[in-house]
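Here come two complexes built around chain A, the first alongside chain B, the second alongside chain C.
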Partner chain A sequence: MVRKISKFLAKNILTIFLGCLLVIPVLVLLCNWISDFGNSAVSGLFKKDNLILIGKSFLLSGTASLLATSLGSVCGFILNKYTFAFKGFYKLVLLIPLLIPDYVYAVAWKDAWQLLFGAGTNINSYTTVIFVHILVFSPIAMLITGSAISQVNRGIEEAGLLMISFRKMLLKILIPIIRPSFTISFLLILIFSLSDFSVPAFFGVRTFTTEIFTQFSAFYNYQAAMGQSVFLLVICMILMFSESRYLSDAPFFAIHTKGSNPKLYNCDNLKFLLHSFLILQLLVAVILPVFILFFQSFSGSEFLLGKAWKLLSPTILQSSVLALSSAFIISVIGLWTSWLKEREKYKLPNTVLMILFIIPSTVLGIAIIGFFNKPVLNFIYASSLMIIIGYIGRFAFISARILGNGIRQIPLSLEEAATVAGIGSLRKYLKITLPLLIPSLFASFVLVFILCFGELGTTIMVYPPGTELMPVKFFTISANAPQALTSSMSLINFGIIISFIGTFYIIGRKVFKRFSYE
Partner chain B sequence: MNKILSIFSLIFLSIIYSGCKNRNNEVIVYCSVDQIFSEPVLKDFEQQTGIKVRPVYDTEETKSTGVLNRLIAEKDNPQCDVFWSGDPLRNNVLRLKGITTPYISNQTELIPRYFRANDNQWIGFSARARVLIFNKKLITMDSLPGSILDLIKPKYRGKFAMANPLFGTTTFHVAVLFTYLGEEQARQLLNNLKTNDIVIATSNGDVKKRVIQGEVAFGIADSDDAFEAKKESRDVDYIFLDQQKNGIGSLIIPNAVSLIKNSPHNENGKKLIDYLLTRETEIKLAKSCAQMPLIKDTEVPSGIPSLDDILPMKVDYDQTSQTLEKTQTWIKEWLEK
Partner chain C sequence: MSSIQLNHITHSFNDKKVINDFTFTFDSGQTYCLLGPSGCGKTTILRLIAGLEVPQNGVIEIDGKIVTENDRLLIPPHKRGIGFVFQDLALWPHFSVFENIAFGLRESIREGSRKPDKGTKLYIEERVIQLLSFFGISDHWKKYPHQLSGGQKQMVAIARSLILNPKILLLDEPMANIDAQLKETIIDHLYTLHEQFGFTMIYVTHDHREAMHSNNTIIVLNKGEIITSGTREQIKNTTDVFTQSFIKL
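Entry: the complex of A and B
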């Protein structure tokens, strides 16, 4: 009986917890929308203008996603299949675009363009948005594809190479094996690109997401904004459903290689070509934008780095503590969700997190404000718990995917052996599964920390009065600040994230060494 | 592992504790005026009165989405005491939704009647003006347009920028033009501006940046943007448009402050409003961002324009709000053409 109850609790407490914190608020918002506006709200969605706009947005994001996946996959392949000097350096530095907020990236790239080709050059177009999205999102494909490639067993490749050429082996064996990683990269980038507001808005390109924002903020038209959000949500859900139905076993961002010892190739005759390719990407995606930020920081009529530090320094502690606690809580939720999905075959919490992940940040913010702003819940509403709840909705899915991959790589035989020896479920989990998952947990913690540290969309909607957080302060100060001050703040922001990553890297090396089981 | 768990538990409990604290001696203000200018004023209030100010900042450049939507969502259980906005339009949105409440005091009476809502649900102070900001390297003072109506002349084709009229103070400016010129003429003006290849920037800050960088020769922005631009670059200057005798005048946009209905710290909210409506605050804002005091006989720092020296556009703020509602859809279509 006790066992049954504990199993029931382990299975359902998380679902209840997520339901109360996030699902009910979203459902309440949705029900209010339907009851307030009825059929007119739904029929309004299928107007010709809406359909054309969503078609255009898909074309833009689809193109960006396709090209970003191709570029990232090529980089992932080169960096995980060939041996050459500075490989580790390239792997690390090419991830930098993920760390710079995309609106800062857009500003830096536009300024770089004008510096190179003159101030009068007009670059406001769909092409520029696609270009910036490719640069910002291709590291995602690089990570996922790289991870997939490094898990391919060398025996398969070697057997293939005995019979066929390298080119044929690549086309007939390796690419088909890692194909799901291309699809998941494409889908994730497509969703990120579709839901991005800042880059299209900056370049004056109208997309479905900018339209939702316009309805919210220029017209205060909740009916239209909610309707369009639901429309976008349904489309993203269909995409993500296909992802979870057909690709949930695809590598996402694996930390271990499960003893697969991937095959590496020498590239003596390709060395120059590979270095040129990677240096060119480094130049376009990293060096140029960062150089522009430096250039602008020191180009103003006064030196503003000190002032920028004075403005941002009070936010560092609060932002760090909040991002660290959120990363911890989210990793625990991710661990629980992924364990239920992978070992108990109970997918509901994972599906809930997936749906929350694709809800536009403004909608999520309004949903949790509407639900928690009650006198009896003031202890939540008036505290930073609101931000943590928002972060759970935004990022717990990513953590669950990373940890799901980690769990899948732990041989079931270990747990089966423990069961045969009569070891209980909890002890088995604490003594076998958890220690083996520490590297994945650590990776999830670091990635979620970075995402929480820079999140703006939900944070600006829900942060409690009097709280000073770095992304909010950066955004509100930079609105009317001189360019040199904005660039100085970007550099400081960037520097702080890099310092954290450096610290995590040092800790991570120890963690990976201690808990590696290869 | 236990140590890590203890640290995170402690942090978690302190976060919950922060939400449970009893806070009587405080005031919560939602502010869409740029933080770089509003924060020092709120800090001074805190020092002078001992009342803790807990602000939530947003900005016109982010279209006030955060605070406005938050205030609307919080309508049934208000958390905010005072809303300080960069223009009266946002306050009018809240007023129409029944979120603000009238406030009258000795201090509000110092503000000219013209810069207050008829029912005192918002009170104006320290105003900005819409100005023409230009790059001296690209256009001489003599060649500049004297009126907003001159922008349709072929010689200015593709040379000027304006922020997206769906957001920020540009919304207000366009709505005023619709009220002043009448719907037909205003539509004609905007269509002609489009034919003359007007550059639509994302915000006034973006207009400022494009002028400084020389991407366009001039643009329409707010006087505080122009003031900042002059500090950033020696090549930039600004003028007030439509200052000719019988001209339509320059649009004056006051800050606006509102008391929130059923707010938790109502009395402290009133004290903050009274503080914002003092001469001292107006002088501070004049010094920091060139805003023009509205209280009569307030000393204007040198280099800052005074309302006495400008021909202002005659605006009925309530009527403009109504016009705005009617014209927004057309303006959106105009933008998308």
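Entry: the complex of A and C
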């Protein structure tokens, strides 16, 4: 009986927890909207303005996703199929754009455009947003395609090479096998791009996500914001259900690819071409933005870097503490969810996290505010818990999938051997599964920490008074600050995140060495 | 039928020498068995012949034509007339049984001429059905690899390797992980086909009982070098200590 109860609790506490904190707020948003607006609610959705805006948003995000997926997949292919010098270096450095908040890139490229074409250039265009999104999100496709390629056993390709040419083998065997990775990449980038608030807001481009923020924060038109949120939510849901089969198992990236033995090719004839391609991407995605930020920061008559540091430094500690505690909580939720999905075949918490993940940031923010803004829940509404809840909704799915991949790599027989030896479930988990999962756990923690540290879309909606977080401070100051000051703040932001990445990289090397067991 | 000549082949992986000055001639239409402990270089020899690996040094000739010279691949794998059965079978997961077998033939016809017409389509079907019936798996032609048993997968992999009428058939531990009865059936099938088509057959095993099964020329390898070679009787009567101890194992 006790065993049954503990099993029931292990399965359902997490679902109840997620339900209360995040699912109910989203459902309440939906119900409120229907009850407030009655029958006119549905017709309001299909107003010409709404349809045009949603169409534009999808066109922008769809184009960015398509191009970012293509670029990232080519990089993933090159870096995982060919042997050449500095491959590890390229793999690492080309990931940087994914880890740096995208508004830093927006500032850098705004500066670049002004430097290249003059200060009066009209750069508030869709093209620039697409360009920045391609740079920032293409590493997602690089990771996912790379992970898929590494898992294709060499024999599969070699059996083809014995019958057909390399080019045909790629077209008829390798690409069809890894095709789901393109779909996952496209879908994830589409979700990230649709959900992104900061880049369109920075360039003054109207998208559905920025419009929700404007209605809510500038015009205090809660009903309009709610209606638009519901509209965007419904569209994202339709999109998700069409591909949920792929998305629920999205790899993001695999820490290990145990058992796989991928085929690598020499690229003697292509060496120059491959290096040129990768160096060009490195230049555009990493070196040039940093150089431009440096240039702009030091170009003014006064020392703006010092001023920027003075403005941002008080936020570093609070942002770090909040990101660290969120990363810890999210990793625990991810671990629990992935274990339930992979070992207990209980998929509900994973599905809940997936639904929350696809909800655009500002929509999630509105749902959380709407639900917790009640006297009885003021202890949550007035505290940093609001931000942590927002982060859980945004990033717990990523953690669950990284850890899910980690669990899949652990042979079931290891746990079965413990079962045969009479070891109980909890002890088996703590002594067998968990130690083997430490590298994945570390990777999940670091990624979530970096994402939380730079998150703006939900944070700007839900942060309570008295909380000073770096992304919010950056965004509010940059709205009215001279461009050189914004560049200086971006440079500091970039530097802080790179220092975190560097620190985690050093710790990570030790963790992986100690716990990889290979 | 093809003869294969390996001259002074040396090959390393990460500075570890796996094949050391290997010289041997595989005569046309004969069957050979590469026998040796794990990691002795058996699979690497097959992969070098197929062109899936390129040696650091040495020359490989097929029918007197140089296909690999030192670290240069002169003839790509698909132009060597080789059938290969991989240890993990390497069936294409996104193709059905029929497609797995037909794919190579269809592509080679496409490469040779234009799009396959009705006549060639019928020819492909006929060839695939012939092989499927020979291996007794005709009923499974629509299935995908994950829907097959281990033995059925093995049969599909062998059938696939034979679809292009190869002059050389290379088998990398083809009997690993299957039961004794099925092993007998597959070996019988292979020798029947060998008699029928006369291809040069080289197969790799670490099981000396399997190697002693038929009238193969057995080549005993250790640390990338030939220790001894000869017929079943010659190997049984060898005075070489390593071979004796390996066979006793």
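As a working rule, the second predicted complex is superposed on the first by the 434 of 518 C-alpha atoms of A that agree within 3 Å, B and C clash if a C-alpha of one lies under 4 Å from a C-alpha of the other, contacts with A are read in each partner's own complex, and residues count from 1 in each chain.
One rule holds in what follows: a residue touches a chain if its C-beta (ideal position, glycine included) is under 8 Å from a C-beta of that chain, and two chains touch if they have at least 3 such contacts.
Being a predicted model, the structure only gives us computed values, none of them experimental.
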{"item": "Partner chain(s) touched by A:N153 [first = chain B, second = chain C, both, neither]", "value": "second"}
{"item": "Partner chain in contact with A:I173 - chain B first, chain C second, else both or neither", "value": "second"}
{"item": "Partner chain in contact with A:M163 - chain B first, chain C second, else both or neither", "value": "second"}
{"item": "Larger contact residue set on chain A - chain B or chain C", "value": "B"}
{"item": "First, second, both or neither for A:S383, with chain B first and chain C second", "value": "first"}
{"item": "First (chain B), second (chain C), both or neither touched by A:T183", "value": "neither"}
{"item": "Chain B/chain C common contact set on chain A", "value": "none"}
{"item": "Interface residues, chain A side, partner chain B - complex", "value": "111, 114, 119-120, 201-202, 204, 206, 213-214, 216-220, 300-301, 321, 324-325, 328-329, 362, 365-366, 369-370, 373-375, 378-385, 388, 460-461, 463-466, 472-473, 475-477, 479-484"}
{"item": "Interface residues, chain B side, partner chain A - complex", "value": "4, 8, 11-12, 15-16, 18-20, 28-30, 34-37, 52-66, 68-70, 72-74, 76-77, 79-80, 93, 166-167, 171, 200, 202-203, 205, 209, 212-215, 224-225, 228, 231-234, 289, 328, 332, 336"}
{"item": "Contact set on chain C toward chain A in their complex", "value": "50, 52, 76-78, 80, 82-84, 86-94, 103-104, 107-108, 111, 160, 164"}
{"item": "Chain C-facing residues of chain A, complex", "value": "153, 155-156, 158-166, 168, 172-173, 176-177"}
